[in-house]
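Following this line, the structures themselves.
In the two assemblies presented below, subunit A is common to both, partnered first by subunit B and then by subunit C.
== the complex of A and B ==
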C-alpha cells in the first residue's frame, strides 16, 4: 500500500534548477536528501508537500572541504560520510564523535547533517557541535545567497530561520587559529539506536576560552555565554566546573515526556557537562586528538 | 507514474512507480522480493534493511522513485548461489527463531564485512545495533559473525 497522500517528485541536476523549483513551489515543496525524517513525516501526514525536490543529483552539495580557513560541509553529507572523513576527524572532533551516536548505521548511511538541522527536532545531535564551533548556515534562493549564524537558526522545536523559497546548500565552520578540542555527551537508553534525552557539547581552546551548548533540554538547542564567561573569567577548575553546574539550572528548561523527566534531564545534564569538560581537558593535552 | 530502472541482485529491472510508493512495498508487493520485512515502518527496527550501492539503508524510508539508476542487494542476492559462509554459521548455531530480523541482520553484517574484514566485537555490535531482535539475545549472532570473520 502506497503512502496515502499524493505528491510530485522531481530530481534536478543543478543547484540553479533546484532553486528555481523551490522558488516556484515555495512551502509546497520540500527538499529530499536522505529522507529519514521527511519520508517518516509524510507517511504520518505531517506537512505533506505538493512537490518533493530530490537534491541527490546535485554533486556540488556532497563536499567536505576546507576553503580559506573555513570547513565546509554540504547538504548531501551523511553522518556516515562524516564518520569516514579525515578532514572532520582532524578539524572537528566533536562532530565526528556526535555523528557516531546518531541512530544506527543504516540510518547514518542515509541521513544528512543538514537534514538534521533542517528538521530541527529538539533532540538532534548536530546542533551542539555546530553551536560550539560557531557555524554559519548558507542558504540559496532566487533572491540570492544568505548566511544565518547557527545560534539564530533554531527558532523553535521543528522550526528554523529558513525562508519558503530557500534551500540550505552547506554550513561553514571557522577553523580556530589556536589549539582546541571538543567533547560530546549524549544520554540515551541504549547505544546504537536512540534519540537523546539530553546532550552536551563543549569546545575548549588552548587560550583558556571555552564554548558550551546543550540540546534536548528546551525547545531549541542552546549555547550559554553565561557559563562560558564564568569559566573564562575564573579559569577552568574543579571549583568553577561545580559553579557552572549550578548555573545550568538557570540556563536550560527541560520538560518531562515519555523519554525522561525534567528532573532527570536536569541532573544528567550537569553530570554530562562535567564529563564533557573532563574529556575535552584530557583531549586538548594530547599531541594529536583521538576521538572514538 | 514514472518508469525507474535499477539493478536488483545483479539483474536490471524496470518498473512503473508513483512518487508515493515506498521502496520496501515495491520490492515485496510489486517485484516479489520478500526478504525485506516491514517491522516498525519508521526506520527504527532494521527489518526492512537492503543494501544500496554497498551501504545498508532502511527501505521503508526510501521512495521507490529515488532508486532509479541505483544498485540494490537483498538477501536473495546474497544467497543466489547457495548459503553464504555467514548464513551457514548462523544456521549451524541455530541462531534465529522467528527469523523476522534475520535478513536485515545478515545484510548489516555483510556491509560490515565488506568494510572491515576482521571486525572487533565492538565493530560487530555497532553494525547490528540498528537491527532489533526479540528472540536471539544477539549473543549467538555476534558469535557467528566473529567465527566467520576469523576464518576469512
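== the complex of A and C ==
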C-alpha cells in the first residue's frame, strides 16, 4: 500500500547522534526500531512525524546481558531474540512465555519489546512480565540519563513517561536472590495471532512473596498490591486464590469493545489468574523451569 | 464398471508448477508501462444520505492528478439479476463507505492525497440497519425507484417497500400437516453477515484505447458476465460486446466475492474518461470487507411438525434476509434458499417465505454456499432438538426423513439420484457415533454433533458453457474454456476430461484462464456448476474432435467407424489389431493418399452445454410447476469437540464429512474441497463476526478483529469421504462439490455444544465468549 504522507528519514550510527537528533526534532521525530506499530500508524495517517530516526544501526542497543545482578534488555531486542535467548529463558521465564504469544512469527522477528512498551497500547504483552519483575526503564537524552520505574512508565493508553527529547536505551530487571517462578496468561479469540483482550502475569517467590499484574483491563497495565498483600498475609491456597479472584472485581476495570465484552474479560481474568497461579506454583517446585 | 485412465485419478494440478514457481501472474503483477494511472476512491461517510454537492476543484489542483470523476459522469444502472446498482452513487448514498467519486492520478500517492480533498456535502436520511426494521410499516425506502428497475422474470419486487424479492413455496397442506403432528418445534435463528476473506484483493486494470476498444484485466470469477454487464452498462456510449475484452489472470481466491461485477466496473468507467491510459483500481483489505459483496445476514423463523417416530409432517420456514444496499446479485441467494429451505428431507407439506430486504449495509451477494449454510443452521439445529425431544437418535431421525431419488422437492420436481443414506451411514461409522466419550479433565466437556447438507447450483435456466479444443502438430492440445481456476483445480479437471476422451495425457494439454476475445463463452465460475456444466462442454468438444478424427480415418483408411478407438495418442481398430496411426502424424497436416493429395486438416473440437431441461416458469404464489434447479449435491458430516467449561473455548478433535460427488473426477481435489470447506465453515461457526456500529459503519474491517483460522486453529483431524452415486447428466457422472463442504459445519458445532454442555445457541457465531456467558447465565439462574 502506498504511503501518501511525506516524512524525513535518518539512520544514526551512534547513540550520541541519535540523542542529538531526538533533541533537535523533539516530538516531531519518531523512533524506528521494529516499526510494526510505527509504519501502520504512518500508513493510516494517525501520527505522521516530520522525521523518522532509525536506530537499527546502533549495535549497542541490541544486547541481552546480565551486569551486576541486573538483566539488561536493549531497545533493539526483538521478541524473536527473546525467544532465542538462554539468558532470558534462565532468568525471566515469564517474559519468554509472553514473547511467544506476541502476534505471529513474522511480527516477532521485527517487533521489539521496548517498542511495545513505548507504544504502550493497553493490550501489550510485555507489561505484565516487566511489572511483576519490577523492571526499570532507562532513557537517554542531551540532558543525560534517566531511570523510570516500570509502574510509573505507563501514564495512559498509548502514553508513557518519556520526554520529547528522550530515547529508551534499555530496561533493567533485578534478578531475585531467592528462588522464583512466573506464569503468563493471555486471553485470545483464537490460537493464531491476536491482541490480548486481557492478560495476567504472576511471579511467586520461595519466601512466600508474590507479584501479580493485569493487562488490557484498564487504560494502563498494573500490579495489584491489594491482591499481593492478601496472598502474602494469608498464604497461597485454594481458598485465598478464590478470595483473590473475587477481589479482582475491585481491581480491574475492563471495557466492552469490538474484541470482547467487559463481562467476559472480567470472568476470563479471574480464570486466567487462577490458572497462572496454579502454573507458577507447579513451576516453583521444579528444579528448573521448563516452558514452551 | 468402465476403467478410466485419467478420470478418477489424482492427477497433479496443471497450473501447479506455475503457481509454486512464482511464474503465475495476478492482476496487480501485470506491467502496463509509464502511461498507467491510479485511481483512489472517495467514500461516503453515511449509511443513508442525499448528496447535495461535490466540490472537486481542490483535488484537481494536486500535482499529477489527471481527472476527478463522480456519479454524474456515469448515469448508468447495472446489475446481474436486477439493475439496482450504480458505478458511483448518484444522488443518494446507501451504505457507509459507498463510492462517491474517484481521483485518477499518475501516482497512487497523488490520488490518495487528492481524494482527501474532494468535498462532498450530504443531508442525512434515516437509516435502516436490520431487515426486520426495514419491513416495518413506514420504514424509510432505500430504493424509492424499485418499481422501475429491470430484473429477471423470476423476481417479484414489492414496489414502494424495501422488499426487493419474495420467493414463496406452497406445497401440500401445511395446516393439516401441523394438525397431524405429535410434536411441533418453533424457534428463531440468526445468522450474521460474513466476508469471503480471499487473500488476493479485488483488482482491475482497464484501458479504453483511442480506437474505442475497452480491455479490462480483472481478478474475476466471471469474465464473460463482466464483459456482458460492461457492454450493457456502456451501451449508451455506443460500446458493443465485441468492443469489450476481459482478460482474467490468475485469481488468489474467490469464494463468490469475485463473481458478477463489483469494483471492476469502476476501472472500466474511469478508463473511458481517460482514453489511452491504463487505469488501475486496487482494493485494500478494509474495502474487501465493506465494499464488495458480503454474505447476507438472515433471521429465520422455523416451525417443524413431526410424528412420534420422527417423520416430518409439515415445515414452515420464513426467512428475512438482510440483503444490503444493492441486491442485484444477492436477491438470487434469497431466491435459491426460498426454493430449497426444506433441506435434504422428504417434506410433503411445506410453506416457505424468503424475503429479500434492502438495508443500509453493504451489498449482500454470492458467498460459498449461496444461502444454504444460513438456513441449514436453523434447520439442522431443529432436527437435533426434535430428535432429543422425541428420544430418537440424531442419525436415525435424519435417515427416516432423508429425501430419496424420485421424491418431490419443495417446488414439485423429482429429486435426482443421490447417496444421502450412504453418506449418513459412512459418517456415523467413521465418527463412531454410538460411542460415548467422556473427558478425564473435569474442566473439559466432550460433545458430538451431526448435520446433513444439500445444495443445488443457482443459475439462470440458460446458463451455458462452451469449449474449443485445438490440436497442435505434436498432438498436444490447447483447451480453451472460460471457467476460472480459483484454486479448486478446474483447469486440471477439464484437462482430465479431454484426456480421457482423446487418450492424450494431461501433461500434453494446456488449459489456462481466459481472455473473452479468444476463449468461448462461459456464464460464470460460481454455483459449483463448473465441473458439471463446463465439464460437459469439454467432453462434447473432445467427442467432436474424436469424431472428426475417426471420420478422417474412415475416409482415408476405409475402416468401420464404430470399431475405431483412441489409445496412447494413437487411433486403433478393434477388428484390425495391426492398424494404428499416431495422432501427431496427421492431426494438423492431414493424411496423405496414394495420389499424393492430403485429406483432413487441423482438428478443432467444439462443445456447448446448456441445461435445456430447466425452467423458472412456475406459479409465483406456490413455485410449483417449474424446474429451476438442475440437481442437488448432498452429504453428511459429524464432529467431536472438546469445550473448556471455564472459558467456553472449543477444540475440534475430529470432523468427518461425506459428500456425494457423483464421480470424483480427481479425488485429491475433492478431498481438498472438503478440507478447505470444513475450515471455512468452522471459521464462520466459531470465529468470524462482522460488527457494525449505530451508524452502519463496519467496526472490524481487518484481520486484527475479524478472525479467520490460522494453522494453529485447524481441527486435529478432518476425514473426507467420497460417495459416488452418478449424476446421469454429469461428465462421467460427476456433480459439483465446491461450495457444499462448509454448509453443515455451523449446525453440527451448535449440536455438539448442546451435547457437551446442554446449552442451545440460536445465533451465530458460536464464539467462546457466547458459550461462556451463556453458561454463566445458566449457573446464575440455577443458584437462584
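Just so we're on the same page, the second predicted complex is superposed on the first by the 290 of 292 C-alpha atoms of A that agree within 3 Å, B and C clash if a C-alpha of one lies under 4 Å from a C-alpha of the other, contacts with A are read in each partner's own complex, and residues count from 1 in each chain.
One rule holds for everything that comes next: a contact is a pair of C-beta atoms (placed from the backbone, for glycine too) under 8 Å apart; a residue touches a chain by one contact, two chains touch by 3 or more.
Since we're looking at a predicted model, the values are computed, not measured.
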{"item": "Subunit B versus subunit C as contact partner of A:189, first or second or both or neither", "value": "second"}
{"item": "Subunit C versus subunit B, contacts on subunit A by residue", "value": "B"}
{"item": "Subunit B versus subunit C as contact partner of A:8, first or second or both or neither", "value": "first"}
{"item": "Subunit B versus subunit C as contact partner of A:263, first or second or both or neither", "value": "second"}
{"item": "Contacts of A:271 with subunit B and subunit C, given as first, second, both or neither", "value": "second"}
{"item": "Partner chain(s) touched by A:124 [first = subunit B, second = subunit C, both, neither]", "value": "neither"}
{"item": "First (subunit B), second (subunit C), both or neither touched by A:19", "value": "neither"}
{"item": "Touching partner for A:52 - first (subunit B), second (subunit C), both, neither", "value": "first"}
{"item": "Contacts of A:198 with subunit B and subunit C, given as first, second, both or neither", "value": "neither"}
{"item": "Doubly contacted residues of subunit A, that is, touched by subunit B and again by subunit C", "value": "1-4, 104, 191-193"}
{"item": "Subunit C to subunit A touching residues, read off their complex", "value": "107-110, 112-113, 284, 646-647, 687, 691, 699-700, 704-705, 707, 709-713, 767-769, 772-773, 776"}
{"item": "Residues of subunit A defined as touching subunit C within the complex", "value": "1-4, 104, 189-195, 258-261, 263-264, 267-268, 271"}
{"item": "Subunit A-touching residues of subunit B, taken from the complex the two chains share", "value": "2, 18-22, 25, 41-44, 46, 49, 55-58, 60-63, 65-66, 68, 104, 108, 111, 125-127, 129-132"}
{"item": "Residues of subunit A touching subunit B in the complex", "value": "1-9, 11, 32, 35-36, 39-40, 42-43, 52, 54, 56, 80, 103-107, 109-110, 191-193"}
